[in-house]
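One structure is given here, and the rest of the page talks about it.
To keep things simple, chains are lettered A, B and C as they appear, and every chain counts its residues starting from 1.
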Amino acid sequence: MWAESLKPDLLVPLMILEQPLLFYRDQYGVAAALDDMCPHRLAPLSLGRLLPNGNLQCGYHGLEFDSSGQCVRNPHGSGRIPRACAVHRYTLVERHRLLWIWPGDETPDPGAIPDFSFLDEDSGYDVGPRDTIRMDSNYRNIIDNLMDLSHASFLHPDLLGNEETIQARIDIKQEGNSVQVRRDMNDVRPPLLRDLLFKQDGARVNMWNSIRWDAPSALLNDVGTYAPEADPAQFAGQLGCHILTPQTADTTLYFTAAAKQGPLASRSADGEVDFKARIAELRRTAFKDQDDPMIRAQQINIRLHPGVRPVLFEIDAAPVRCQRILNALIEEEQKRVSSRISEEP
Amino acid sequence: MWAESLKPDLLVPLMILEQPLLFYRDQYGVAAALDDMCPHRLAPLSLGRLLPNGNLQCGYHGLEFDSSGQCVRNPHGSGRIPRACAVHRYTLVERHRLLWIWPGDETPDPGAIPDFSFLDEDSGYDVGPRDTIRMDSNYRNIIDNLMDLSHASFLHPDLLGNEETIQARIDIKQEGNSVQVRRDMNDVRPPLLRDLLFKQDGARVNMWNSIRWDAPSALLNDVGTYAPEADPAQFAGQLGCHILTPQTADTTLYFTAAAKQGPLASRSADGEVDFKARIAELRRTAFKDQDDPMIRAQQINIRLHPGVRPVLFEIDAAPVRCQRILNALIEEEQKRVSSRISEEP
Amino acid sequence: MWAESLKPDLLVPLMILEQPLLFYRDQYGVAAALDDMCPHRLAPLSLGRLLPNGNLQCGYHGLEFDSSGQCVRNPHGSGRIPRACAVHRYTLVERHRLLWIWPGDETPDPGAIPDFSFLDEDSGYDVGPRDTIRMDSNYRNIIDNLMDLSHASFLHPDLLGNEETIQARIDIKQEGNSVQVRRDMNDVRPPLLRDLLFKQDGARVNMWNSIRWDAPSALLNDVGTYAPEADPAQFAGQLGCHILTPQTADTTLYFTAAAKQGPLASRSADGEVDFKARIAELRRTAFKDQDDPMIRAQQINIRLHPGVRPVLFEIDAAPVRCQRILNALIEEEQKRVSSRISEEP
């Protein structure tokens, strides 16, 4: 979640991984995430209120909780509070102007947050609007979409690709639980977004995409365009983040923002604010209006035909690696969980 | 169901306990409830019509049924009627201007109907509008709500409770399958509804709630307010019925009405009809607009976390007793049903 | 599907038997039906486009397929195409201005298409509008409806039946997987549709219905009306087709059209086009506004009471035969399928 979306004094309920959570900032402004469920009668705490002292008051019978999740006040009768009366609090780290949550069973490790420092306040990058898109599709199918950008020519014709950008040199690198795939397309007619970010003259270009995926679902897209025969260092392009938070099996929050990069990055006649808004609008069109309906329709077919395996091609090499890593991580977690359960008395 | 809602010449389909039933009045005005399903091809009888002779005619192929549920006419071919051609008729008793139904397997016993005689025509009470509220929540969670009125201070602030009414003396009585819980709150600022029913001057009061639950789901709320230090017999308040009919696991029909009681019961300047309508409106706001969304949200959490048990407090003593009685009654019925099944050849 | 509904250059996605299929005409105008699912990533091919050369291009990554379903172009990288990269193509036969599909496992046999030659271009019949009705009910319950027209007096009062048409002489013939049921109703007041097709004077008539069902779900209704005591050959009536394509367990496409028949077939003062439109409108009212809600409601009861068997009457003789044949055909197919599975290595 974008840190800026979590305003003070607000209770923000958010379904993540099929669990209803509650996000808010405590009296010191520190972001907190709790299960959105009072331990008393299981009413959602998001229907209660945030007290001036930073405590949460349940809206049903008025129990109060501090931001660690512990119940600290029972206003009824003797006022006694059973020990077990506490809400699960999730580790939350605010970094790169995003909130990172640890919903699983692993020891939270802020060192594992992938590098999105271009989004930092003091990064020197001029970051456009921080957008939140609700996708009606599963995060794993969105990863397949992003790690195989060959689809741009067909699904985003003229906007992100065209007939000349189908053929590309593909390079894949894998390091631990990170996969990077680079596409180089040389001497091609530039699609609209490339041209806007470059010379805005429609002249033929060399262009690259280099997209990095870090498990489970954070992607950084490095895009550049330069004149054929010119020095590739004389380029213009952008960095974009594509961070996916699964809400349910069918829906995903897609956090995305972009910043121009490269010595030739163009200026707009209409002023930078308008220009950044226009770029953000085009990106939203591509992701929400073009990618999402296709992925959702694909997903319906996948569900209807559980026995059918995709026929894979060269373009699938990068997404296949990501899915293998995800499968392994999920399997490991399930083993940990079931061994923990069998150890319990 | 309110007896007055079942008008002559109408076929009223109503889902009760996940079963589609049909209510109507026969040629003598006697209320009847049948399975809403023709034994021929299972079409709903509510899509047919009530003949002048009091018989029901199925709207699909025209079989006719008397109010005992027996098929009495087959208009086709030889006109032969197989013995098995009958609809199940439920016992229905009209009492206290309500219709009471026996959906289960027990021998119907009108003596088991709890006392709601204040609703009778000749009770001497001036009963307000008989309201039917469709709640989007399960009847058992509504019972928890009503048997623990400590929630009034938080969920109905200023209307039914306030900060001063949180603390109360609680007395619980149990007799057979009936539980009564009384709350006394002394020397408090009166919430709106109390003040309206009492002196309408906002002066501090003593007040009580005494709510009686009879299994499975009929509640009578006896409410009174009097001046601190005064004789409690010099009070004003009201009697209210809260009768719950489960439709599905997620929906309940809530039949409610109230009548003023006590020597000091106030009169309204606007006339009694308007006053009763205003009180009914405030009660509907509390139940439908405040209780129902909270209970429904609570219920979603309960479903999402089947393993999580509520952490219970002193205020839960009365609802816990009701739920134990319900569990026992349900278990008994299931035993009866399964022993009957195993006895069948 | 009506052949005329499948226009050139269109991709028509259609769910049949819970499977998403894609219908279109290839470059020669020949109708084709494919699984609406690309073998690559399972995206629906209906979101792609039809190329001028008659190939289908997937809208996600641009694979191309010919109308046999074989992948014939991979525009990426080496262009290599795995053998398995093909879509299932269904046999489709265009006959009687309808498209007939073989969704099951049997060898397609165009000889098995029942005779609806009155619908042919050169049949000599003046066929009215070819209507497609989406029914919100299961095809088997619609067959029960059509094979027992005794319901007309109750469900279509005055339009297709009335009190005098309840009693009828019923004759049933069965031949292989075809069942025919004839109802003769003599000396009766004519329902509206009969009168419109005959003398339009409201005088009493003899009338018949003879409806033929061919497994699994194609029905031909032969209707005639003549004056009592007159020669039955001096009649007027119509032929109607009722062809049912199951989409899901709850929805069916109902393809219907009618043509007048008989030496006395009446002419309309308003001209034939208006007259045919009026007849089609009355038929649509009967099927969609009267039959469908009843069948759908019946179906909900059937689902809610899986243990309840219908109580059958004489009028059920014909539909019972059809359902037995369907049960036998389904059982045979399941045996074939499971024996094929067990034979696989």
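Rule of thumb we're sticking to: a residue touches a chain if its C-beta (ideal position, glycine included) is under 8 Å from a C-beta of that chain, and two chains touch if they have at least 3 such contacts.
Predicted model only: the values in this text are computed from it and were never measured.
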Copies subunit A and subunit B touch via same or different residues, half shared test: different
Fitted rotation between subunit B and its twin subunit C in degrees, CA, nearest 5: 120
Subunit A-subunit B separation of Cα centroids, rounded to whole Å: 48
Interface hub residues of subunit C, defined as touching at least two other chains: none
Subunit B-facing residues of subunit C, complex: 144, 148, 150-151, 153-155, 166-167, 170, 293-294, 297-298, 300-302, 304-305, 308, 310-315
In the complex with subunit C, residue positions of subunit B that touch it: 18-20, 36-37, 39-44, 47-48, 57-62, 74-78, 80, 82, 84-85
